[in-house]
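Note that chain A is present in both complexes that follow, paired respectively with chain B and with chain C.
== the complex of A and B ==
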């Protein structure tokens, strides 16, 4: 059986997603099923020049990085190349937050730097003709498993359920908070955290965005081992349209009240509940675990 | 009226009667038989609703906090400036101090003065959350709109509520030379000046 052909196109990017993907634990098996007609780091069938100058066959186009009409490679516009290959491909996958929402480059000096379909959370409609075959995988970087499993699903013609930003629901219907091992501290509103320590929830003071960020970081652990929040580092909300925000290690508050609520939670109801749970004063949660 | 509504109404009338007696005669001087007598019901029946005086005391603070909270919620829901909201909150508080003085009296003279009664079951702000939540919503909204200065919750809360409580206390002691209402403009202006950006 012939391999599914992937074209990995890089626009303006740090290559973080390409590097992250190298950590996919089953990459050897993956490469038995997929062929990179071009990848910026891995061995590929063709060179970038051949990709840009010829019309080669590919099944799925992967886009990494923010796009703009200004960006070109070997004097050939990235968007022109993308559109050319996208026409015959069965799917386009935006790999990472820059390719999906514009990421850190959307605020740069380049005009019109954006994701393939979005500038932050707003659809820009420049490439609407590609919308029906676009699948978004946001994240800075993306989780390798999320990318690999999505590619397998596309290859096998499985019907993927997508959210309002074309993100795969299997991975983005959850919040990063889901599966966090600090949830007892969250429930009883105990921050009491030192970076890197096991104790405390980082939502109250330390800027953790996990309760309102969609992603699977605590469902599919990084390197099959850990996640930021488990390790004592706040979630920076890297899979969301407005990433990156500023002051990432400090919870944004209005007179002590967190600006951002857990996803879908009414602020009035939250404050009432918080007032009750804060009164518990659970000694076990105030002490060191070890 | 079904049985449940009837029971609910009776419960509320007990709270009202106890509130009156506690705030006028004091918590310790008021007995369960006094409350039952005021309502014309038997002591035994009253115990069917509240099994102890302490439990009744806690229910009263939740009730008054809820009533005041509901009033502030109505203000919070309006699309007006923080400055206008402050004035309305001051007005609601002073109105309540005059039309339902027992509510504010209870808060100042029972809830704050007999903490031992409330230590089990009313820890922290649990029993006053109906009111506190609305004040938090007011602050949060004011900061989000760029009208109030972002600061610690308690430094703002203490200034706002300590001030209002103080004014009502002075009025209760008959020290204020003028009617409470005549202070609304100045008090609201001072609070706004202190909290605004």
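== the complex of A and C ==
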């Protein structure tokens, strides 16, 4: 059987998603099933020049980086290249937050820089004709398993449930909070008093955005090993439309209450619950774990 | 005659425009064409946000950018105490990033360029394994922001150290089996490059290839090296041929815009210097690399062996660092000043995979008012004039053809995204 042909196009980016993908544990098997017509690091069937100047066959276009008509390679605009290949491709996958929502590099100074369909959370409608075949995988960078498994599902015509930003629900219906080993501290409202400690939740003071950020960081784990929040770093919300927000290591509060509530939680209900949990005073959670 | 070549798979692209004087290349215009203006993106953001933005300069050496950022911000604070444990763990994770980079460069860039097929896949196992070591202490790879002003966010445990040692040992085993069939401890002592050539493995295979094809002496530049970052392993200083000067001052560094490329040229006391593994080995006087340099000068032979053989050095040194960790020390000491009120300037320097990386910041009331990044590839891949060639240009002038020039160019381990940031 012929392999599914992938074209990886890099726009305004840091190459972080391309490197993250190299950490996919089953990459050798993956390459038995997929062929990179072009990839910015891996051995590819064609050179970039051939990709830019010709129209070669590909099944799925992967876009990494924010796009702008003004950004070009060999004097050919990246958006022209993208549209040329996207027309006949079966699907377009936006790889990473820049390609999906604009991310950090929408601010690089190129005119109208954005994600493929969104600038932050607003649809810009410039490429609406591609919307029905777009699948978004946000994250800065994306987790390699999320990308590889989504590509398999597209290749094999498996049904994908997508959220309002075309993100695969199986990965993005969860919050980064799901699976964090600090959850008990969150439940009983025990702050993380200082960085560098195993104990405590970082939502209350240290800017952790995990309870309102969709992603699988604590479900799949990074490098099959760990995650930011498990390690003691606040989640910076890197898979969400408004990444990067500001003051990323400090929780913004109004009258002592975190400005952003856990996903779907009403502020008044939160206050009531917070009052109750404060009454617990759990000695085990106030002490060092070990 | 003039020809143009698009160089790809260098974390982006660059264009080399060759001029020929008869049969030899007599000038190369090195153009990087896409910039992302990270320094502008940082303006008017709160200081600590730079710890999250800056790793995104580069998908392969973002960790070095993180640490340079943390150091630059820390430099703004008088009398800041950094726990020794945090220093060691930062160094470890930076070593690991350098190691994964060198494996990728050797198997994905150098070997394919020399015509070896299906070797790129060999980079994946050791780089994935050492990246797990980064994730163990830094949360994930790429793009973590675990180094913060005052230390690190993680509290490393006994079992983390056990895991780190196992992961390092797995990479050591791979290196000794595939890359160079010798014990890495013996390699550390080795001061004769001919002994290394008598071994099996992919590094000797490549070096023999260079010798057989008469490529080994190509790619010589000015024989001037500089290392700004120092650590428990790397030594800072500069050398001109073999004359070494230890004291350096960043005030002598100049960033000069050039006409065709988006990347600025960098000089020290108005001279171009090479940075990277060969420079580090020259300053540290690593016996094996000194011998290669004595025999082959600052050629691609020396550059390749210096980069490849930095892997075992850093693996061994990392094991030593792990044994120095005192888990009872804190990971983080809260700075005595509020960063949101901090004003001042700071410089952060680290040795990244490709050489010295320098970040400079100016803060006013905790807000970034100026930020400057000088990357290793700017040192090596500057675009000078015919009268004053930069390092890689000098190394390519005089060659016969573009393919060889591409090989020479890529021995500097080119990173387009860093160069233009």
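Everything below uses one rule, namely that the second predicted complex is superposed on the first by the 286 of 290 C-alpha atoms of A that agree within 3 Å, B and C clash if a C-alpha of one lies under 4 Å from a C-alpha of the other, contacts with A are read in each partner's own complex, and residues count from 1 in each chain.
In this text, contacts are C-beta pairs under 8 Å (C-beta built on N, C-alpha and C of every residue); 3 or more make two chains touch, one makes a residue touch a chain.
Please read these numbers as outputs of a predicted model, since none were measured by experiment.
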Chain A residues touched - chain C or chain B, whichever exceeds: C
Which of chain B and chain C A:54 touches, first, second, both or neither: neither
Touched partner set for A:132, first chain B, second chain C, both or neither: neither
Which superposed partner A:73 touches (first chain B, second chain C, both, neither): second
Chain B versus chain C as contact partner of A:111, first or second or both or neither: neither
Which superposed partner A:2 touches (first chain B, second chain C, both, neither): neither
Which of chain B and chain C A:247 touches, first, second, both or neither: second
Footprint overlap on chain A, comparing chain B with chain C: none
Complex contact set, residues of chain B against chain A: 73, 123-126, 129-130, 132-134, 136-137, 139-144, 148, 150-154, 156
Partner chain C, residues of chain A touching it in the complex: 10, 12-20, 22-23, 25, 27-28, 31, 40-43, 47-49, 71, 73-74, 104-105, 107-109, 140-141, 194-198, 217, 222-233, 236, 238, 244, 246-250
Residue numbers on chain A that touch chain B, as the complex places them: 253-257, 259, 267-268, 271-272, 275-276, 278-281
For the chain C and chain A complex, residues of the former touching the latter: 6, 8-9, 11-13, 33-37, 40-41, 45-46, 48-49, 51-53, 56-60, 62, 86, 104, 108, 112, 118, 120-121, 123-124, 127-128, 131-132, 134-146, 148, 150-155, 157, 330-332, 334, 417
